[in-house]
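Labels run A, B, C, D and E following the written order; every chain starts at residue 1.
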Amino acid sequence: MILLLLPQLVSNGFALDIFIRILLFSFIGVAWNLMGGYAKQLSLGHVAYFGLGAYTSTIMQIDFNISPWIGMIAGGFVAMLASLPVGWLCFRLRGPYFTIATIATAQALMLIFLKFRDFAWGAEGTTIPNLGSSPLMMQFETKASYYYVVLGLLVLGLVITWRIERSWMGYYLVAIGEDEDAAEAIGVNAPRIKRHIYMISAFLTALAGTFYVQYIYFIDPATAFSFNISIEAALVSIVGGIGTLWGPVVGTVLLETTSALLQSWLGSSTGGIQLTVYSLILMAIILWRPTGLMGLFNDLWQRHLDRRPARMRTLP
Amino acid sequence: MLELKGVSAVYGAVPAISQVSIRVNAGEAVGLLGANGAGKSTTLRAISGLVRLTSGIISFDGIDLASLPPHRIPELGIAHVPEGRQVFPEMSVQENLEIGAFVPRAKVERAKTMELVYEIFPRLAERKKQLAGTMSGGEQQMLAVGRGLMLKPRLLMLDEPSLGLAPVMTDVTFEKIAEIGKMGTAILLVEQNVSRALSLVDRAYVLESGRVTMQGKSDELANSKQVQSAYLGI
Amino acid sequence: MTDALVVTGLNKRFGGLRAVQDVSFTVKQNETVALIGPNGAGKTTSFHLITGFHRADSGSVLAFGQEVVGLKPHDVCALGLARTFQVAKPFGAMTVLANVMTGAFLRDRHVIAAREKAREAIDFVGLAAREQTPAKDLTTIDQRRLEMARALATQPRILLLDEVMAGLNPAEIDQAVALVGKLSQRGLTIVIVEHVMRAIMAVARHIVVLDHGQKIAEGAPKEIVENPEVIRAYLGSGYAGAGGGAHA
Amino acid sequence: MLETVAQAVINGLLIGGIYALVSIGVTLIFGVVKIVNFAQGEFVMIGMYISYFLATYFGVDPLLSLLVSMPTLFLIGVLVQHFLIRRVLGPNDMPQIFLTFALSLLLLNLALLLFTANYRTVHTSYSDEALHFGGLYIPEAKLIAFVVAMALSGALWAFLHTTDLGKAMRAAAQNRDVATLMGINSNRVFCVAFGAALALAGAAGSLLMPFYSAYPFVGQVFVLMAFVAVVLGTLGNVLGALVASVMMGIAESLGIQFVGADSGLIVVFAMLLLTLAFKPQGLGGGRMR
Amino acid sequence: RGYAADVVNIGGLYPTTGSMAQIGTGCVAAAKLAVDMINEAGGIKSLGGAKLNLIISDVQSDTTVTRTETDRLITGNKLSAIHGCFASALTLIASEVCERAKVPIITGSSSDQLNKGRKFTFTPFARASQFARAQLQMAKLVSDQPKVAVIFENTAFGTSTSNGLKELAPGEGVEIVMFEPYSAGFTDAGPLINKVKASGANALFSVSYLNDLILIVRTVKQVGLNVAINGGSGGFVIPDFYKNVGKLAEGLQGVAHWNHDMSPDCQKVNEAYKKITGDFLFEYAGGLVAQTFMLAEALERAASADPQKVREALSTLDVSSGYAAMAPGGRVKFEPDGKNAYGRPVGVQWQNGDLASVFPKEDARAPLIKS
């Protein structure tokens, strides 16, 4: 409710911009968390889908004049398709092998977009045509509209996660993350489940890619396939608490706010300070709460419950 | 030689053992019996310094073990064969045994001890190069026991050494443990196979829910109605 | 009536080691068969081969007439073969209930139904008091119970148990034996690997003895304990001397 | 043509030696402490700066400064392990990865703050010289780096396999509690391993200095290659990392020559992905060697 | 409140962290210097001597941050204009934001895309295509039959510059024997130079950033390859290049947006900058001083701090003297697409540890040395 009204309350464009970033990265984190958090498949190559989504919709928009709204969905499906071969390859690997293979696929994809210059503007990239206010083409005059779009995405991501978490699929994912052999032994088709969740995760990540390009008005391989996005997706989830519904959101709120505040306090001083402080804070959080902040909330909640009669505590 | 006085330990907030007092004299074989979760393994872990004490004293030859860092304890000649075949899975059988003699007091006679271990467990000799993690359950158990022997211990603590061993192998193992005991090594044995254990040890303690509830000579315990019904299934 | 499990000419090599050689045996429906043999005889490997965790070099395994060699473990499980692992593999971060529900989802994807089934299995193995405990906090014994419950929740027709009674004291073994008996009464076919002869003698109708990957004997329990070959390779003279009464 | 190929192979071999130093450090940390150290590249950077400042202010030859950079980084490694890494060791590898990631970010920006973004180069008598054989050439500085890299890798391998401390490292990595029961101080062993790995990074830095520039981001250039090499050569496997590094150097060089100068990395990634498709455990097989 | 005239806020977007921090920090120093000069000279007189207030923001060499920071600068402060982000990807984003917010941005970036359909974006210096022509013409000066190997980093900067080279070479009578993008930030130039060697080129155009270029130059020396090197702009024309390659730099040619010896004004600013930083004023930073003065000039003419008015003033600006005209060609007048009608690059050569302007004749301060 507050979230819905927020743009009306906050007149400051800068603050709204931070909220948009928070929602966007929360959404990316939520998409990542489905696979990385629940099934513990630590992917650091999710930007591959982000970039594919971004490029699909931009190519459709610029070369064929198709609305990014349609492009966004198309991008999602392209990412879903792309996740199949990548998944086929990477899911045979476990632990750090998997992680590094995902990094390599995302990097390779970037290099390919750089190499084939005639296909999608190569390294030079392109800007998004300025259409003024054109909601059908995902261009808005006010920040508030962007805010609502990305809020919608986040809600979508959370609803999907919530549904999955509560269903058999959620149990299967956690089981795979805990011990794949044991999961197989009780009839869990681990490769298939991983493939499915990877497709969903890729689809959602691609949606974020389209939004991102429309929001920053620019696309090039370095941006669309930036390793930082892969890192950020995982980082917000880990700081917030992987495998929890709200973890990525909590993590993003914390990290993005910190970084925005640091940027505005220290951004104009000599190079390096704000990121130095940021990384120190990051280290402190990880050392203090290796399992993420949701663990802290849960502990507090548990302590609260412990003070109540025991029968209240049985799960539904 | 080894003395525990009023030792208590917890896991998180859950008490695992409380006020445990036991003694093992030099050259003596002592048993530690009790149901699942009674706290037998925890007692051994406390001696080895793997769990922190909340109260009590553990002394070995007059040295306060709790004040030593855990890795110094084996140097005193205390070997602990942990519960559940915890071998180093990605090292070969031979390397596992070598590591067993890591402390200086054992290193000098490493080759000789290893001969002995291979003699007791010929299967290990056949599989020197096999990765320990790919050995069968029982083979791993043999390796764990063998690795404990590599320390040339003065006190040998065994946590369920017969777990997963075939009956023939159990016989051999108990025979050898008895022999080692006869040669002067003190033994602290945790074993679910209570009748077997009682035939090997001189004395035993019975733990229930983390407390010592009975103690005595092994034949006394073997004849006790309580022990018979609770642990011998008679 | 087709036999529950027909193993024929099963082989598996690890490098130069022939872990399982030409093993064949048959388990009739609703029968409890014990697989015994000295350490490293190939019992666990046989389980791995039957349930698809290792691929057999050659040989065939028919479960209710259907070939399972070549199938993935989850397919084998879906056919109704559930197993436990010699070293328990609980889903540590999940509660006992969630662990078992995960098994139950194989037959029923509805959360509420799965929870019902899971509770029943948990009760059956006697873990009801620990329903909400995270699996990693259980004792090894309880973890094995959990593993049984999880396997039962998949509603198998054949249950393969690998040393689920190791580390139990005689009194506890008697309880466990009763449990297996109850499973059998419910119509399950059971293959059990165990070194505790007290338990084997109590539950098994039929015993298959492996040594060095080969089947060296097969028959009714009474015959097996008197078989000199089995005594030499497995039971040891101590057992024969004690006339089978002692705990071993 | 033949000459071009031969030269491409020489170039690849030489740079592969440097990749090896970085990747062996990564693989050592993984093999023992079981974490993927994302900050390894930044420690190479520190090694480079140490050599740079010694050369610029004290006239010390970068190769000699190995004697300073290696011990210094060893010490840093011990401290990092003791005060940071130790606290997040556990079954869950996510916090560990991100701790080292944050560390990398920290070191990088600290360097930026202290040393600015400027590139810094050291010129030695051998920096820009090469041995010429017919049409082929071997840059002297790189040759020296390659030889020292090989010697250090060999020494490390021997250490891990023939000494008890080496075996103790592997034991502690596999089961800390049981290692303690063997009398192994796993904490100290981990510190030594981390220190040794960073010392290798320091060596890489010093060896690079005669022909490469130091700047705050320099580590990132090498670390990606190092990761690919350790996975290609099986994590934790020193010999595997060495072989994979050299292979990658050659593949990259040949890729640049025959596929395109912007395709060296694509070739390397393709090699990685293909290898993993057929040998998911990497070239080194499944274990630490 | 409206745009009060006691101070005029100007935004500066530069990466002082991240991979482009190197140049970004120099730019910040130069921008501060220019603002101080203007303020000391009495500020904006038509606004009653209002002082310029420079608000710098670090865009971290990162696109998202650039988007956010541009927004933050514009909405958080009453800005009259912005300058910044020499790097083309970052500039393109900043420019898009400025267009939508209707705040003029003046930039040293040479990307041709900046001149497509933009109203608030001004580019006083040479465009990528012009750089190419100048480079080709310089090649003709050193050899009668230039056989050029073109290697360029696979970034926006590299590809846009090299495309010009490929298109214009036939017309300028230059043969291109090798045309290869390479992955920026390599670990070893050996393989690349091996390829150049095999191509039989007698001249090498390298469109590269500093570190790659250092390695390329050093490797060329090791191989013993005898080619005339033209390092283009970017990493080649900054003080660090010489510091890193030393004597090897002597005689190498390049092209720049701006050079510190082009005119007495340039030299004066250069001296002032040297006093602060110890290094000579390199192209982006020098260009930035000029840009700041262009903004001051526009403010002067607009007599208003309103960004719309500043934009009007910029679009009608025409200066050919003073610091605002410190651009190769000596005159600044923007065309409707934001290009400077008189913009052109300056050819430079490393001579005795300094960067001398050698081409074209009008801007040359020293003769081109043929090695």
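We adopt the following convention: a contact is a pair of C-beta atoms (placed from the backbone, for glycine too) under 8 Å apart; a residue touches a chain by one contact, two chains touch by 3 or more.
Chain-to-protein mapping (UniProt): A, D = Branched-chain amino acid ABC transporter permease; B, C = ABC transporter ATP-binding protein.
Remember, predicted model here, so these are calculated numbers, not experimental data.
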Starting at chain C, how many touching-chain steps does it take at least to reach chain D? 2
Shared touching chains for chain A and chain E? D
If chain centres are mean C-alpha positions, then the most distant from chain B is chain E
A-C versus D-E: which has more C-beta pairs touching? D-E
Gap in Å, rounded to a whole number, between the CA centres of chain E and chain D: 36
In angstrom, rounded to a whole number, how far apart do the mean CA points of chain A and chain C lie? 44
Between chain A and chain D, tell me the centre distance in angstrom, where each centre is the average of that chain's C-alpha atoms. 31
Cα centroid separation, chain B vs chain C, in Å, comes to 28
What are the residues of chain A that contact at least two other chains? 111, 114-115, 270-272, 275
Would you please write down the residue numbers of chain B that are in contact with two or more other chains? none
Would you give the residues of chain C that are in contact with at least 2 other chains, written as numbers and ranges? 92
What chain pairs are in touch here? A-C, A-D, A-E, B-C, B-D, D-E
Which residues of chain B touch chain C once you look at their complex with the stated criterion? 35-37, 83-85, 123, 134-139, 141-142, 160, 163-172, 192-196, 229-234
Quick one: in the complex, what on chain E touches chain D? 17, 19, 21-22, 24-25, 151, 154, 180-183, 185-188, 190-192, 194-195, 197-198, 210-211, 214-215, 218-219, 221-224, 240, 243-246, 248
Hey, which residues of chain D end up touching chain E in the complex? 4, 7-8, 11-12, 14-15, 18-19, 109, 112, 116-121, 123, 127-130, 132, 137, 139, 142, 211-213, 215-217, 221-222, 225, 252-254, 256-257, 260-265
The residues of chain A that touch chain C in their complex are 166-168, 171-172, 174-175, 178-179, 181-190, 313-315
Could you please specify the touching residues of chain D with respect to chain A in the complex? 30, 36, 84, 87-88, 90, 92-95, 97-99, 101-103, 105-106, 108-113, 116-117, 224, 227-228, 230-231, 235, 260, 262-263, 265-266, 269-270, 272-273, 276-277, 280-282
